[in-house]
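Each chain gets a letter, A, B, C and D, in the order it is written, and its residues are counted from 1.
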Amino acid sequence: MQFLSDNAASVHPQVWQALQRADTADTPYDTDTLSRRLDEAFSALFGRDVAALWVATGTAANCLALSTMVPPHGAVLCHREAHIETDEGGAPGFYLHGAKLVLAEGEGAKLSPEAVSATLGAIRGDVHQVQVHALSLTQATEYGLSYRPQDLAALTSLARERGLKLHMDGARFANAVAFLGCSPAEACGDIDALSFGCVKNGAMSAEAIVFFDPVLADVARFRRKRAGHLQSKGRFLAAQVLAMLESDVWLANARAANAAAAEIARAAGERLLHPVEANEVFLRCTAKERDALRMQGFGFYDWGPDAARFVAAWDTRADDARALARAIGSL
Amino acid sequence: MQFLSDNAASVHPQVWQALQRADTADTPYDTDTLSRRLDEAFSALFGRDVAALWVATGTAANCLALSTMVPPHGAVLCHREAHIETDEGGAPGFYLHGAKLVLAEGEGAKLSPEAVSATLGAIRGDVHQVQVHALSLTQATEYGLSYRPQDLAALTSLARERGLKLHMDGARFANAVAFLGCSPAEACGDIDALSFGCVKNGAMSAEAIVFFDPVLADVARFRRKRAGHLQSKGRFLAAQVLAMLESDVWLANARAANAAAAEIARAAGERLLHPVEANEVFLRCTAKERDALRMQGFGFYDWGPDAARFVAAWDTRADDARALARAIGSL
Amino acid sequence: MQFLSDNAASVHPQVWQALQRADTADTPYDTDTLSRRLDEAFSALFGRDVAALWVATGTAANCLALSTMVPPHGAVLCHREAHIETDEGGAPGFYLHGAKLVLAEGEGAKLSPEAVSATLGAIRGDVHQVQVHALSLTQATEYGLSYRPQDLAALTSLARERGLKLHMDGARFANAVAFLGCSPAEACGDIDALSFGCVKNGAMSAEAIVFFDPVLADVARFRRKRAGHLQSKGRFLAAQVLAMLESDVWLANARAANAAAAEIARAAGERLLHPVEANEVFLRCTAKERDALRMQGFGFYDWGPDAARFVAAWDTRADDARALARAIGSL
Amino acid sequence: MQFLSDNAASVHPQVWQALQRADTADTPYDTDTLSRRLDEAFSALFGRDVAALWVATGTAANCLALSTMVPPHGAVLCHREAHIETDEGGAPGFYLHGAKLVLAEGEGAKLSPEAVSATLGAIRGDVHQVQVHALSLTQATEYGLSYRPQDLAALTSLARERGLKLHMDGARFANAVAFLGCSPAEACGDIDALSFGCVKNGAMSAEAIVFFDPVLADVARFRRKRAGHLQSKGRFLAAQVLAMLESDVWLANARAANAAAAEIARAAGERLLHPVEANEVFLRCTAKERDALRMQGFGFYDWGPDAARFVAAWDTRADDARALARAIGSL
């Protein structure tokens, strides 16, 4: 009973079907029929004209998006525990040619306008210090918190005043939308680009970058090729993304994962380190308790010496979640 | 009847089966059972200990391989018409952090020891000129020529004398092996890394980089993550590569493509611009003749004003090849 | 009697005086009184508002200027024998983060509109090929030819039609102005940035980058610091540049060098490989003839097996030039 | 009476004399007689074979040194307040091609083995996190503290165990040596490269990078050219550096600056934020007190709301230091 991560979950049946349907002759790269449908599909989803590109990983999505916003001599402001800072193997440094990540603090990896202001305020405007050109938020955050539309409004308005571009790492954007119960547009707010996560949510090997500013998308197309991410059989990536969007598979999957996490969270009670607002549960538990859980067959990560992280995926079995909830309740 | 390229061909049934078999729980990235079998599978293929990494595209394979051999202040020597120079959107400049491509000449995009020597000889050894650190060959070349083992011996011995590393772009390595009728080891010679092409040859989205020097593989693992190419469901890439190797699908597919190309070549006779030593046919034909062929339903690229390129794929139907051969014969 | 290069010539007395006058307390970097006078001094010289930055070398000047015009995924079009391609140790690859140099041909390292058009025309507009974002010209060229104002008009108009930025490597801009007898503005035409060479022309360690577009200068200031080129005692660089401009030292020095070259050229007659339109003389001469000249105490570079290059500097003694002219005449 | 910084101080008379003596014909770049004497001069100073390169700025010295030790996918560990992190405009990101700076804590910008161990220990060894390849120390630190030989021994031994290279930013190395009263070799310990500061200590525009590993120096020579830092009249930089070393001008100057700082420190008493172990004095004082000092003609930087920084230079007049000491004593 695996709660290690959603990042290696199985592939959704509708994604499989779409992949197989895509196995017919078509033109290479992103010139095929499916790839050319992405803009329209995401424009419908967000209720405005957007340009969307497929790419194989969240790291590439984040970094390609940011590379269109930040010059090599600039910086991205993000949370100290943002995935781009802690777990992407230095990819932002590669894609942004040495641009800096400037780090801000905030409970649960969530940025507040105050934290952002304070961080920006500490940077002198001269050439000796690296100037921030973009703000990157994670929705839901690395600790499973979801920014409310009003949180986003405050942050984006602050960013716009400072002339900053905005990027959202939406590796678990679907989970945030499912939790918030709002529209996708409301769950991202007025940003420039969104890494729209699919792999953790039922796809095999395709994410989408949604550009709300088409000029950035044009740059991203060149950068994607230059990064070796323009697959020649791109139709198979487009197929996956479109399958996720069709009949709202993306949302149904996220709801399933969130529901499993919610069940675990209810059992965890006082142990919870963070409110559960997506599909991740962080809870206080001793090494001994963790051993006990593992003895019962549950897989999960330690989170420091006194805590553990459990992630529910779209395909987490209800029985497994229930079993884990019970086991946690009985600790 | 499509002869535009092999790069968007369909996916081989055994690859599909392997993909579906891979859809079971396993650990993420390259820690899964399948990914961990790659080294062994390629070691068996090449008869020596190698380390192999999957990656989604040939561009990424080439550039990651080269990034382990060439410092940012160095250069790669390659042919003026090498794919890395002409068609990878500047990816070598990105992956090698501005290292230079130093270009040499040679008929049919094939390098000779003389051409390599002459090019190296024109570079002063001082800091004002960029020094070559690696040689990159394409097997089969961009014009469908295959280096013979003795060609490779001469080139690698020259490179070694100069202290150069060696990389082979094997986007169509299978076609070269099939044409040469030698072992894979003989078809690459004493090199440091091989981009072992699968996508053009029946895979969906996986290539392999084979490192003959394991130290380079260790660097490449960090670089792959940093480039956003470490997919979390990496088992699906490993599955494809392993499926290509099992029961020599890779070789059977290449033979099929080569056979189709050979049939076309026989009909082309005097029109051939280059000997056909893989699955590509370049032939002299006027705009009028090209129109005539297109009227009969054949798809292909113009190659300058007076020539055309036809590429056979693993799934090119024998009937289609025959039809094209007849049509060319009747021009 | 040294004719190897002008790049290690002595420092002009007025530059020395200015250096010594600058040795008083002032604020660091480019905030001192002298550095703040540069914009005005160059605006006066070019008859329009410009922004000027000092920098220690021509390589840094060229590359910083270009780094404000060309994104990492773009390219600079220049001549195959441009200094940035052949003699800057890969600095453009470093400063432009792997952007490409796209090379065009032309007699005497001089670009023609036809050559530029042909080179641009050979690049497909798709993401697989690197797109040109800027054109870089050298005035006077690496073979000592000077672009006429009408040459520049044709090239800049072509570049503007294509949306290209324009950079001029003016390592020997003074020599071109002296030869052309036109204004500095006419000798550079409608460009975006000029590397205004001083070191070869009597300065010790200061060049200027003149930006005709102030937005680019703002970027360059950040890039200069980031490249470690913002010297803390910047007043000593500003002092050198201002000393060159005052009472037209720059022009007087260039005229002296050109006059010496002209004298040598007259003696060379039929041997000349290129017209002498600045301070460099390339002439046909055998190894034996070169030996003979060296026996008489003349220093110069071989230029391939059958030619030699002689460079006159601002401080070349008239006697030495005359002696060399005589020696060449007597070969 | 200027105590803002030592970075814009005047040029020492012996440096001026050396500059003027260097104004004779010689070969360009670093092939001249003076440049070729650097290795020997520094080998004598450090009592072992070293290779030394001149370069115009401390930022370039630090970053070129580090670029020989850390691959683009690696990291440098340094203090959170190290100059390379806070004040070099992102130059390390540029020179190291996006390598990361990993930050450790420590009083007075001084690293302890414990802080370094803790920081290293928090990094997982997998490809998702950037691995540290080098440690960079500042001697004296950004707060004017000097590492004792035994501090260095502990840090270098820790670094060596972990396979890390070692760099020392010695912008104020002379002040540390003067304070410690030990040999230069003892003041740097077993490191790989030292940025030997001259500009703050009486030079005009030259620093030295001292490589204790000659292989790194060979790389640095290519990198220096590639960064546009190989000046053609390099003899003028070599002359400055040699003048600093001759008859121990470097040490005498540092002693003078330290003595002035010590005098100020004695007057500051309890106000001192850090022990004064070089030429910088940080002291607690209110805005009102700072106003009072400025009214008396003293120039210095605020250091946050409740402190001020005073820097003595080699040319700080004893009278001025005494006046400042008195003024502080009377606050």
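Everything that follows uses one rule, which is that contacts are C-beta pairs under 8 Å (C-beta built on N, C-alpha and C of every residue); 3 or more make two chains touch, one makes a residue touch a chain.
Not measured: the values here are computed from a predicted model.
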item	value
Longest centre-to-centre distance from subunit C, chain (CA-based)	A
A-D or B-D, whichever has more C-beta pairs in contact	A-D
Geometric centre distance via CA averages, subunit D-subunit C, whole Å	34
Where subunit A and subunit D are represented by their mean Cα positions, the distance between them in whole Å	42
Chain centre separation (subunit B, subunit D; CA means) in Å	49
Multi-partner residues of subunit A (each touching 2 or more other chains)	72-73, 88-90, 93-94, 97, 127-128, 222, 225-226, 230
Complex contact set, residues of subunit C against subunit A	71-73, 97, 127-128, 131, 219, 221-226, 230
Residue numbers on subunit A that touch subunit B, as the complex places them	2, 4-5, 7-8, 10-11, 16, 20, 23-28, 32, 55-57, 59-61, 63-64, 88-91, 93-95, 199-200, 204-205, 222, 225-233, 235-237
Touching residues on subunit A, where the partner in the complex is subunit D	72-73, 75, 86-90, 92-94, 96-100, 127-130
